[in-house]
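Shared between the two complexes below is chain A, which has chain B as its partner in the first and chain C in the second.
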Partner chain A sequence: MKILTTVKKVVDVELNIHVENGAILEKGLQYVINAWDENAVEAAVQLKESHKADTTLVSMGSGDNTDIIRKCYAMGIDNAIHIDDPNLAKADSPTFARVLQKVFEAGEYDLVITGKQAQDTDAGQAGIMLAEFLDIPCVSNVIEIKVTDESHIQVSRLGDEGTEIVDLTLPAVVTVSDGINEPRLPAMRGIMMAKKKKINVMDLAGLGTSFEDVGGTDPKSEIVEFMAMEKRKGGQKFEGDPAEITAKVVDLLVNEAKVL
Partner chain B sequence: MTNILVVADIKQGELKGSTTELLSKARALGAQTAVVAVGSQVKDLAPKLAAAGSDTQYIVDDPSMEIFSAKPFTAAVVQAANEFNADMVWFGFSETGKAAAPRVAVQLEAACANEIIDVTIDGDAVQIIRPAIANKVLQKVKIHAPKLVALVRAGAFEPDPEVTGKENVVTLDPPEADTDAKVKELISDASGEIDLTDADIVVSVGRGAKDQAGVDLVKALADDLAAGFGSSRAMVDAGLMAHNKQVGQTGKIVAPTLYIAVGISGAIQHLAGMNGSKVILAVNKDPEAPIFNVADFGIVGDLFDVVPSLKEEIKKIRA
Partner chain C sequence: MDCNPCMKHQLIRKTVQEFAENEIRPRAAEMDKGPGFPEDLMEKMKPLHYFGLQTPAHLGGAGLDSTSYAIVVEEISRVSAALGLCFTVHNSVGIYPILRFGTREQQQQFVPPMAAGERIGAFCLTEANAGSDAGGVETVARKTDHGFVLNGTKIFVTNGGICGTILVFAVSDTDPAQSSVFIVENHTPGFSVGEIEDLCGMRANPVASLFFEDCAIPADHCLGTMGQGLKIGLSALDTGRIGIAAQALGIARAAFDEAVSYAKARQQFKKPISRFQTIQNYLADMAVQIDASQLLLYRAAARKDSGRPFSAEAAMAKLHCSTTARMVTNLAVQIHGGYGYSREYDVERYFRDAKVTEIYEGTSEIQRMVIARDILTRPA
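Moving on, here comes the complex of A and B:
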């Protein structure tokens, strides 16, 4: 089985993010692997271990992605493709999905595993749209993958009414939730080996396409401005005898906030 | 005139509150409204769908649609959108919506926006506002495509009690099942409990509650308040709470009148799911816990002492 996983480099959401004049301030930002993509990588590596799958990751964006790719190599990924093109700096999910389509078509993969969403866009679109463009089946928000045979897998999806068990015919796209696994911490040996591995870097032309071809020059929507999120403020804090302070707080909830 | 199709949010045969909220907003924008209901035995919902503010009800009712399957669900929505000549298709915030919206957008060649909290229509110019980066910033997004598919964040639009529509039922054929993604089974999590996303009050439990006894203690508080009972991911990971109880970026987005966080630290991913609540009360023994930065009322103390007291006080006012 040939597996393609997608790995995006995103801003670290644990750090403060500042907005000025409609844009995000670059200063102080740090970049990490998208959390859900780490789950996708772990899922792929587990399939490699249990079913000898061949695993390839693709990361799209402009600039140096070496650190996150090496981390995935250290986790056990076999091959890495970095589509490094300055045009992709501000691309949206449908555009990335079109690029993924080109990567998929060039590689004859059986299964694509993506994160359920990217932490920076919070869009949750690229994987699902890829399947739609390729006209292959897709299940999103997956928490378990089981291999049935060479051309079928069974997945569990967290839906609105419970857990849906779905039989998928390959090739297919699966987007994973963080509930699927606990990404491993790479072992020292893996980290050392990862340093020696090659990364296949190419731009859109190298992939046999162009920014226009993947819809980049004619986006369906465009972010025109970032705004700071109005921050909630911490209110009154109470400490002391539980009976006393709970009586006080309940009184405030009833008479001041009027929510009880 | 803008035509807005709202996808009815139906769970266990019941129409969810978000449908009214979305239709209220659509009408406030001066749009023509229609709703599409997809499922098994949903046709009886038509009068309710009209009362919720739609002037046309597209019904796709078939036993094959009982368990969600993305491809036929999408086909049903696309069929309704085409019949209605929809300029916009709006979904409530649900896993169904998250799975179907990007597909509907591709098929309609529309722009797709997730988690929108506002939309403005000015002639041909359409703009939406949505949070991004784990709810840390807001984006203003200009829509260039002629059509927009949007998933509306829970609690973004207020229901208008005055709003109503008229019954005009259009029955559509059920789409074919997906033979490449066959839904074998649904392990239902229907529990008869109050639904988190519709609840007026939500009480959530975190790792501070430690074990089953702690969970039961906090659950009893939720029961006394007739509140929805949610949780942080730590408790789901520990196997103490079901997946569908998780509040946060990967779980449910809730925006109740009162959110009570018990023994929850307030990680960014948890906050992303509840900081739209009107009033937040936090109980935590650590005075420095980040949850206090968003809580309107904070009780610093051991939950095993505080929760029983809270129950007592609530009993008094409810008596």
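Moving on, here comes the complex of A and C:
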């Protein structure tokens, strides 16, 4: 079984992010692997261990992704492709899905595992669109993958009314939720081996396509502006006679908060 | 000199930090009530190769370079110095001498179970009348038709209570000037473990005396060749010093981090104590010493990796890191005031743990001897 898994480098949202003039300030930002993609990598590596799957990782973007790819290598991924193209810096989900389509078609994979969404944009589109472009089945929000036979898998997904169990014919795309596994910490030997592995870096031309071909020049969506969330104001504390406080609170709710 | 860590070293530090914060931190204070390490924690560390850090992959280890090794020990010790001690002793003076001086058969027999964490390593040199002076060793190895018989008592053996494979420094019964190192397994008849020491710090580590009473071992359990004892001992200690320096640095960093956050939070005279110049001077002094320690340690590690002599550099790193650990933990307690003297705060544990880094693997006085000898024997 050949598995393709995707990873995205995202801003570490646990650190402070500053916005100025509608854009995020680069200074002080740190980047990490999208958490759901780490679940996807772990799921792929588990299938490698249990079913001798061959695992390939693809990352896309503008600039160096070596650090996050090395971590995935250390976790056990076999091969890595990085599509490094300056045009991809501001690409939208359909464009990324088209690039993934090209990668998929070049490698003839049986299964694509992606995180259910990226923690920076929270769009959750690329994996599903990829399946649509390839005209293959897709299940999102997956929490378990079982291999039935060489051409079938059974997955469990978190649905609105409980766990749904779906049989899938391969090739297929699954997008995974964090409930599927606990991503492993790389073992020390894995980290040492990771530095020796090659990363296949190419631009869109190297992939046999162009920014126009993948729909990049005709984006379906565009980020217009970033805005910082307003800081929450502290609450008010009232002390004293209960009757007086009640009158005061009601007055504030009616005249200031205007909720009554 | 490039002081920026490479990507591999950054990944190793981050990986160990994550493990240490999630798995060790919540249990570190409890472990300090010791002795011993939680079984499930040790089990989790086995597949991550913590027990075979510098052991080559074909013998079951991770094959780390010395810089990576120091990073691992530093980060584990930042959370639990006693556990860091277990790893550094096991990896450096436990496994390393077998890798460096052992025959191929000895390496294949003893190293894989140690690298897998199934057998914990210990190195015993210290005795009642021998420590800094290795010439005072009284444990005797008598040659027999089948091998050797060991008799003697070793004290203050780190990992003593949990050791599986032990390197024993002993002298020949016919020539006390001739010393050798022997590999003894804990199931050997005549070997026994004494009571666990009640120590000031590093309380989770089961430091103990080890007894050898007519302890018979096969001839091929002599490490390297007969009479190589001092050479093996000195080489093991050079390597061990990088580990202890890393451990001391980890303790110092832990205490420093606590001191900074406490100084920012603690209010006196209606302002945080970090606004007072005295506290700022303390923090600045601590930071400078920690930074200098880091540079000395990673220079020694890089030098070892480059294959050049590193004895003096390791001694300088060990001397400075351990002095820094004592000074920084002392100031961290001072900044915490009365709370720092309470077991409720981690700085009290760091303070107790720091002191011994100036004593074991060669006291600070011995480090100065090593450094001075290097200075005085340099070509003019």
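Heads up, the rule we're going with is that the second predicted complex is superposed on the first by the 233 of 260 C-alpha atoms of A that agree within 3 Å, B and C clash if a C-alpha of one lies under 4 Å from a C-alpha of the other, contacts with A are read in each partner's own complex, and residues count from 1 in each chain.
In this text, contacts are C-beta pairs under 8 Å (C-beta built on N, C-alpha and C of every residue); 3 or more make two chains touch, one makes a residue touch a chain.
Values in this document were obtained by computation on a predicted structure and should not be read as measured data.
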Per residue count on chain A, the busier partner among chain B and chain C is B
Examine A:Glu26 and indicate which partner it touches, taking first as chain B and second as chain C; both and neither are also allowed.
-> neither
First (chain B), second (chain C), both or neither: which does A:Ala172 touch?
-> first
What is the contact status of A:Met192 with respect to chain B (first) and chain C (second): first, second, both, or neither?
-> second
After lining up the shared chain so the two structures overlap, which partner does A:Glu150 touch, if you call chain B first and chain C second: first, second, both or neither?
-> neither
Mind working out whether A:Arg70 is in touch with chain B, chain C, both or neither, as first, second, both or neither?
-> second
Note: overlapping chain A surface for chain B and chain C spans none
In the complex, chain A touches chain C at residues 66-67, 70-71, 74, 185-189, 191-195
Note: in the complex, chain C contacts chain A through residues 7-8, 10-12, 15, 18-19, 47-50, 52-53, 57, 61-64, 68, 72
Given the complex, residues on chain A that touch chain B span 11, 13-14, 17, 19, 24, 36, 93-94, 116-117, 119-125, 128-129, 132-133, 136-141, 143, 154, 158-169, 172, 177-179, 218-229, 232-239, 242-243, 245-247, 249-250, 252-254, 257, 259-260
Flag every residue of chain B that touches chain A in the complex, lowest number first.
-> 11-12, 67-71, 94-96, 98-99, 102-103, 105-107, 109-115, 127, 129-145, 148, 178-190, 201, 225, 233, 236, 243-244, 249-250, 257-258, 268-269, 275, 278-281, 287, 292-302, 305-306, 308-310, 312-314, 316-317
